[in-house]
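Note that the chains are named A, B and C in the order they appear, and that numbering of residues resets to 1 at the start of each chain.
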Amino acid sequence: MSDRRVSVRKTYKLFIGGAFPRSESGRSYPVTRTEHAARASRKDARDAVVAARKAFPGWSGATAYNRGQILYRVAEMLEGRRAQFADELGGPRKQALEQVDAAVDRLVWYAGWSDKIAAVRGTANPVASPYLNLSSPEPVGVVAVVAPADPLLGLVSAVAPVIVTGNTCVVVAAERAPLPAITFAEVLATSDLPGGVVNILTGHQAELAPWLAAHMDVNGLDLTGVTTPEQALACERAATENFKRVLTAAEDRGTRRMTAFMETKTVWHPAGI
Amino acid sequence: MFEYAPAPESREIVDLRPSYGLFIDGEFTEGSGPAFKTVNPATEETLAEVACASADDVDRAVRAARKAFGGWSGLPGSERAKYLFRIARIIQERARELAVLESLDNGKPIRESRDVDLPLVAAHFFYYAGWADKLQYAGFGTKPLGVAGQVIPWNFPLLMLAWKVAPALACGNTVVLKPAETTPLTALLFADICRQAELPPGVVNIVTGAGETGAAVVAHPEVDKVAFTGSTEVGRLIARTVAGTGKKVTLELGGKAANIVFDDAPIDQAVEGIVNGIFFNQGHVCCAGSRLLVQESVQEELLAALKRRLGTLRLGDPLDKNTDIGAINSAEQLARIRSLSETGESEGAERWSPACELPERGFWFPPTLFTGVAQSHTIAREEIFGPVLSVLTFRTPAEAVEKANNTPYGLSAGVWTEKGSRILWMAERLRAGVVWANTFNKFDPASPFGGYKESGYGREGGLHGLEAYLDV
Amino acid sequence: MSVATTPLADVASSEAALRAFLHGLPGVDRVGADQRAAMLGTRSIKTTAKARAIDLAISMVDLTTLEGADTRGKVRAMCAKALRPGGDASRVAAVCVYPDLVAVAAEALRGSGVKVASVATAFPSGRSSLDVKVADTAFAVAAGADEIDMVIDRGAFLSGDYLKVYEEIVAVKAACGEAHLKVILETGELVTYDNVRRASWLAMLAGADFIKTSTGKVSPAATLPVTLIMLEAVRDFRDRTGRQVGVKPAGGIRTTKDAIKNLVLVQETAGADWLTPDWFRLGASSLLNDLLMQREKLATGRYAGPDYFTLD
């Protein structure tokens, strides 16, 4: 008996403002036979939005190069925990590893977009009057993301395009498999990503998504992970109250996931002596 | 001193018919709703009776558009382009007729309909005509959406039509457009221009009517794309109606723009920019600079100059070529402007207007400014959509940004300073779709326009304007 | 621009003070100024307003000849035209000639109320010594000039030597005695509107009774936006000091339409106080006959022909 060491288990908590708090509600829910996840409440969602808003000026104001490097750093940290994530994802080892590798590669792909999307989406507009007129894309603000069921690759594919352009976000992790999301939060927390840029809630989608969809300080809503059509419709309707930019479906490749949460700002200035 | 004698533009060029029908499938037809009158807001004279489209009429129009879609979207882009170029040229050719009709129906000064609206309308068609055979270079694919249902406001009736119709057609969509109830006439003349251009029947359909007609257009299941310009309130209803249907939506809604003047501004041009910002088109402009944020250190000097300038504004007959301020578009809008102005006074802001005689008949409101306004006043938060300016002060650039952004809207903003680096610093931080630096209320078909936050989704104009009409 | 009037006595006490003042004036955004002038240019002045504007414009003309080929005969003929432009039109405001022909003009116009203006100060370039400029001025005044149109030293202005420009104007003003001083900025050489604004203030601070756009020898001469900037300057100067200064666009104003656009600019910028020949002049030569032809058209309803108007 005594030769068998008792392992030290991890308590899976939320990730808000760069910290790992328990749910303010004190609740958790079982995920596996031995593991629980925190069951976030609407107040946790509210706190997460506050943290995301607070982080927005700094993150959107950082240079694109800086944001790209930080996303790349996230990829590095994830690569370093390849085996851990494969364990957590479970299933056949080879497939689990492929999933982690794909997530790493996706992060690297998006990291490179940080200082290119403006060149692709921006325009110099030749107006018929003596003005310099330029349009450039900007992040929309705070985006609520209902992450797809795919616990790691789905999460990374939703979060990376949102934050690479300068948005901050509140993520509702996949309800059935939330644990990799919290472990991914540990990756984020060690990647020089400023606290509050990504906030991750675990819990019941039906309990959290409507509050985020209706929140008047949330500017964008990614509903690709919503599991029922009724929930999606209710969220989409609620989002109209403050005209959130809503993404209901998108390819994992292409620029759509980035541009869905970008505004275009056009600046005019006279040219004269 | 010399008084300017009346210099009225002749209305003879406009051949007004006593009544107008709907334009469906290339023909003018009766409407089954109760016909309504459109009046000249400057005189309250009835200009014409206009058919009202019922839900059935809207259905007919949508089916005509659906039927025309295959042929229109199947045309080579270069051929679609030629129709749009034709339309642009006809608009240029008939510009005076359209300008006079616009001023009659809307109440805006002929100087503006002649020198701003009409040139921009023609330019918009000309601009998007050129895109029709170049869509593959824009980065949004080349697949049109189908039938576009478009609902437009009364402040720039023909220009808003152009902003909606030109890109929709260039991308291969067909349209059902509903002009505003109080300003349907130029859209109906545009229908005539479509016939003159021999545009295939059903590509453009125009259904006149009020809110119910618009709601029927938006809700029609065969409409693939909804485009609306108007109030945030109606925009929200539309967004809710369309939510979950998969229809693509663009909304261009309200605003409460800050026009920010620093102590080193080119002051005479800033005064012109403030005037143009809020009194252009009687302030019936969603991107109007309705909140003047002036640096406290130059407030007195700027206000003195502004008040002097307001004293030279000429209010009166919209068809007089020297009129600067025309009529308020409707009795309803006039009531709203009056009511909000009264709220401004009752909440303690100081109201001022230049000596200004208002005509006896028609809907009129004098250029008005409120001083001593704080962000907490109703008139600093709600869109008045009239010739009413709220003056607020700030001390530092950061405070100016904070106040400018402290609104649910985000359509436009203005910055006046001779310091280039400050302009760029401000432009980065202002949460608005259009930032005019050392200018205001400038528009161009090549320049994307549209808002952040509650000012709507999507952009109109420029390359970005194509995205709204393609299946991205 | 502040409402209270404050004297500006110390502004020219040193080069540094003068520079600080002039560079502290608000900037002018060229595009905005051009647009404002163009918009005012769209004012439609018809019927009774046009008749009034034409008569006003005739009364404001400084009928000008500034050619190397000018002779006594040419000047006498121009003076006759100044007194009797044609039909029942009133006399013009002044004639404007070179200093050596002032005496001829003074003789021809004696007692008529038409003023004699003379360019001076090594017109048009101004490239001579201050002594020469002062002597040139004194000579014209002695010959009977009521008004002196001096040129500023644009070289000094453009090299930032504002005090030199200022002191020259002060000296010429002293040499003018009772004669009114118009200061020509030659805006076509100053190029930027910021310079036009600064030069306007500099001239007014130094004692100019009028500020004038151009010599007529440099293109562009009196453009609408430049006149607009100068009208803003005299308006603001009066607000600040209580002293009114006149404005004279000169060069390039050839048609009735041009003249009327200028009057609209005056009315809607400086205000009606400036709409008299005492405070606004139009430096021109061929303009007068166009005004007369348009006047005739209004009176008769027929378009006029040039053979019916005298060429002097």
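The working rule: contacts are C-beta pairs under 8 Å (C-beta built on N, C-alpha and C of every residue); 3 or more make two chains touch, one makes a residue touch a chain.
Keep in mind that this is a model prediction, so the values were computed, not measured.
Of all chains, A has its CA centroid at the greatest distance from the CA centroid of chain C. Central chain (C-alpha centroid nearest the global protein C-alpha centroid): B.
Across the assembly, the chain pair joined by the most C-beta contact pairs is A-B. Chain B and chain C have centres, each the mean of its CA atoms, that are 43 Å apart. Centre-to-centre separation between chain A and chain C, using Cα means, comes to 68 Å. For the pair chain A and chain B, the distance between C-alpha centroids works out to 37 Å. Within chain B, the positions touching two or more other chains are listed as 438-439. Each of the following residues of chain C touches two or more other chains: 29, 31-32. Touching of two or more other chains is recorded for residues 129, 131, 270 of chain A.
Those residues of chain B that touch chain A in the complex are listed here as 123, 139, 235-236, 239-240, 243-244, 246, 251, 253, 408, 423, 427-428, 432-439, 442, 444, 446-450, 452-454, 456-457, 459, 462-464, 472.
Within the complex formed with chain B, the chain A residues making contact are 61, 120, 123, 125-129, 131, 133, 135, 140, 219, 232-233, 236-237, 239-243, 245, 248, 256, 263-270. Note for the complex: chain A touches chain C at residues 129-131, 270-273. The touching residues of chain B, counted against chain C in their complex, run 1-7, 111, 115, 264-269, 272-273, 300-301, 304-305, 312, 321-322, 418, 438-439. For chain C in complex with chain A, the residues that touch the partner chain are 29-32, 34, 191-192.
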